[in-house]
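Next up, some structures in structure tokens.
Each of the next two complexes has subunit A plus one other chain: subunit B in the first, subunit C in the second.
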Partner chain A sequence: MNDMIRIDDLVFKYTRDDTGEEVNAIKGVSFAIEKGSFTAIIGRNGSGKSTLAKNINALLLPTSGFVYVNGYNTSIQENLWDVRQSAAMVFQNPDNQIVSSIVEDDVAFGPENLGVESAEIRRRVDESLKAVNMYHNRKKAPHMLSGGQKQRIAIAGAIAMKPDCIVFDEPTAMLDPKGRSEVMAIINSLNEEGITVILITHFMEEAAEADRVIIMDDGVVRLDGTPEEVFSHADELREMNLDIPMPVELARRLRARGIDIPADIINIEEMVEYLCQYR
Partner chain B sequence: MLRDITLGQYYPGESWIHRLDPRVKIIAALVYVAALFIVDNLIGFAIALAALAAVIIISKVPLSFILKGLKLIFLIIIFTVIMNLFMIKGGDVLVEIGPLSIEEKGLYTAFFMAARLILLIIGSSMLTLTTKPISLTDGIEALLSPFSKIGVPAHELAMMMTIALRFIPTLLEETDKIMKAQQARGADFESGNLISRAKSLIPILIPLFIGAFRIAHDLAMAMEARCYRGGQHRSRMNAMKLSGRDAAASVMLAVFLAAVIVIRIVL
Partner chain C sequence: MSIQVNNLTHIYSPGLPHESVALDDVTFSAEDGEFIGIIGHTGSGKSTLVQHLNGLLKPTSGSIIVSGTDITGPGVVMREIRKKIGLVFQYPEYQLFEETVEKDVAFGPRNLGLSEEEIEERVREAIGLVGLDYEAVRERSPFDLSGGQKRRVAIAGVIAMKPEVLILDEPTAGLDPKAHRDVLEMIEKIHAHEENIIILVSHNMNDIARLADKVLVMDRGKLAMQGTPEEVFAEEERLEAIGLALPQPAQLMKMAREKGLAFEGSFLTLDAVEEALYNYLKKDQI
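Moving on, here comes the complex of A and B:
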């Protein structure tokens, strides 16, 4: 079995607390995510993308259908800890996911919960903090750090659990541009080291860095493919109120004027490179 | 400004006292407080004072720093002393000022009361001055855990304290943000009488509480995602280990307690 995550006809309904109406957040989604891949899931607010992420971590359980993480069915109670250890999660708000008032103690929280032995926890904590380049801040209090730094600690906390996969639920939404690029750099390097990455986002530029982009809208998958394929459906994306990355839009307009730009150019550096050499 | 707040009253240091195991320090503080109630004469107080002085010197916490944090409490002590001086009657009359008089028994009671309270307050604050809040929490958890069999939620209490410590600065920041947002829309927190000032706090408290619940919800989810399942199966990164230092401190504590008891019985 080479799939990290397999989702079979997932349906998720919940009842809103305030109005009591039933909301059908996910209306039948199926896809599989390969081990070691980098998948971005995009959609506007209310598209069901965050609900989907929480289903992968067994924080929410399917109303019908199945989610398998590393072969473990999330609906089976006994699998709960294996599921959460295999697929760690990093949330949007950097403040609200840090438990301890000392950085290194917070990173140790996950492995401590798993009952890992002390010396091994120490080793994992040091390693994880080095991986996110926060080792020098290990003794600091989280509230003294910037948003991007806090989010890196949250990522270290996830890595310390030695997961096969990390689900990032809009990790950059509350960060400034500097924090955002730091976090994206770490996500990329984790993926290079073999961790399966699922990035929930609404920034198209971030999605462009993935191997695969899944566009969710109104509880269903609307588009699924490589970033190049997905971004070529410009009209559909606009109809869903999603921005097209600037270089893709530029390429589209240049093509409309008869300048031939290859379809695989989707980021700014490649575009600059191509245009500078264009004759 | 909010970023600079110190939690508790920890005085950072690396002294012998700072490095003691938090469990030993908590027990020592409890024993010291108990000993102060055993003591009933001058020699006993002299020993208690000497012990405290030794701890303060070894800990290298400046005396001015200790006293600074206790200003308000000293006001209360002075008040108690004055009350005792004039109210407790018995023995020879020492001073007479109009209808008020200070008698021998009043003087003794006032003196012992003041000495006991001052030693008690400084003694127990030495614990919080030399122990990080987080180690204190760990120590309390470890000391309470034998009682978890009879239903004392040791781990839960410690986790609650840890999270409270973690979120005090976050909530302060939130309060600051809300106040600024309200002030930007013309709210006035500074003028008016006490009642109208208290009323003007309501628009701060409501969003603050809603925010706190939102944080609690997010945090609970994040903790679950990191496999939190209460105290069972949990290991610790920094397992507390008693060292020779702690043994030495325990012996000294026992000697101190024995001395206090002996003096009480003998004298």
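Moving on, here comes the complex of A and C:
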């Protein structure tokens, strides 16, 4: 059993409060996510990607189909704690997920709720804050910190639950470039330490760092593969109103003018390496 | 219309232990029809600066001359200033409050004391300019719209005041790629239509490089650099010291230069890079 997450023919429908209209947010999605992998999920607003993420964390339950997290079926009420402890979630706006007025209290909130004994909580809080480089700020008030720092506190709160998997829902959308790179560095290092990462993002450069990219559109999976495979479908991505990474777009334009460029160039480093061969 | 900012300094909590200099001797000007881009880190003073330009904050020292009037002086009627200078805050959709899109957009013009016909005309025009269908959205609740649409409604509320200077503080933050492109196209369209001064605060260097006539770089309260995008982005090392990145096309060419490839120029756009690489590669390949 090497799947962290297994999703079987997931359908999710809800009724809009204002109009009473039924919305088909997810229309039959199946895939599995391997333990220890780093998967990016991309799609425009309304494509169903955040709804999918909330189904992984049992914040939402399938209308039909199944979601298994670490083998636990999310639809079974008794599994709720196991599901949430296996897959933690970090949201877009750090201000909406910080509950305490002192950094270390905030990080302790999750493990306290799990009933972890206090010496162990102390150890987890310290470790988690060190992992996100915020240990020196442990006594500070979260509102005195920058957006990137607050998001790192939220991540520390997730790590302190000792989850096997963390689902990040656009964690960098509200951050400046420095905050974004801080958070991406933390995400990468958590993945290297063995945590399964699911990253929902609008930034193609971030998706290019993943092992696997899943493109959602209109409630279904449209593309699924390595970043190289997925970004080679430039026309389809454009038709879904998504961007492609700049080096991929550049390669595509040059190819159209008769230059022979390998299809696996997806970042700036690889493009420069390719250019150097023709020095 | 012109704005002349002279030696603007703003100190938060002067005399107190947590006194901090948010703006330190900032001087620049903006002329009719100019598109100004402001870049800098969170905390560099960008937002403090733009809040001075429409009189939300008063400087500790220095002056801001808007078409001949010093708006920092005593006895200035702020309503007159805010008529001329519109500020769209970060995440402006959080400020929507009315029952319908039409009422929300009409709120500003109504406060200006315009006639009902004039208000309706302006609301219709502003909603059209932000790329929404007036008839389709006017009676809808702004809260039922998508994130990108909400933001357009909020921006329409400012445009309906017909400001001669339109300041936008990170108008594309948090939007998906499509909504991001749409909002920028909308800003270009408004700029072309109203021929106003645009001041765009952004973290996106690609957008600033493509759109701005003049770029202001803020760093720890100081105006660290100003010039055309070509001038500013040519100073790679200074930008790096401040912690700002180059536009992506320029990053690529900088890295190529560091590997010993001879590419001369500023390469701010993908088109420029495409042309240079095509010429470089075709020698060997075609």
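Simple rule for what comes next: the second predicted complex is superposed on the first by the 276 of 279 C-alpha atoms of A that agree within 3 Å, B and C clash if a C-alpha of one lies under 4 Å from a C-alpha of the other, contacts with A are read in each partner's own complex, and residues count from 1 in each chain.
Heads up, the rule we're going with is that a residue touches a chain if its C-beta (ideal position, glycine included) is under 8 Å from a C-beta of that chain, and two chains touch if they have at least 3 such contacts.
No experiment lies behind these values; they were computed from the predicted model shown.
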Partner chain(s) touched by A:H202 [first = subunit B, second = subunit C, both, neither]: second
Partner chain in contact with A:K139 - subunit B first, subunit C second, else both or neither: neither
Which of subunit B and subunit C A:M161 touches, first, second, both or neither: first
Partner chain(s) touched by A:E112 [first = subunit B, second = subunit C, both, neither]: first
Partner chain in contact with A:G179 - subunit B first, subunit C second, else both or neither: second
Touching partner for A:E269 - first (subunit B), second (subunit C), both, neither: second
Touching partner for A:R84 - first (subunit B), second (subunit C), both, neither: first
Touch list for subunit A against partner subunit B, complex: 54, 57, 59, 81, 84-85, 88-89, 91, 93, 95-102, 104-105, 108-118, 121-122, 125, 141-144, 154, 157-158, 161
Subunit C partner contacts - residues on subunit A that touch it in the complex: 18-19, 44-46, 92, 146-147, 170, 173-174, 176-179, 202, 204, 241-243, 246-247, 249-250, 253-254, 257-260, 268-269, 271-272, 275-276, 278-279
Subunit B residues touching subunit A - in the complex, by the definition given at the top: 3, 7, 133-134, 162-163, 165-166, 169-170, 173, 214-215, 218-219, 221-229, 233-239
Interface residues, subunit C side, partner subunit A - complex: 41-43, 141, 144, 146-148, 173-179, 203, 243-245, 248-249, 251-252, 255-256, 259-261, 270, 273-274, 277-278, 280-286
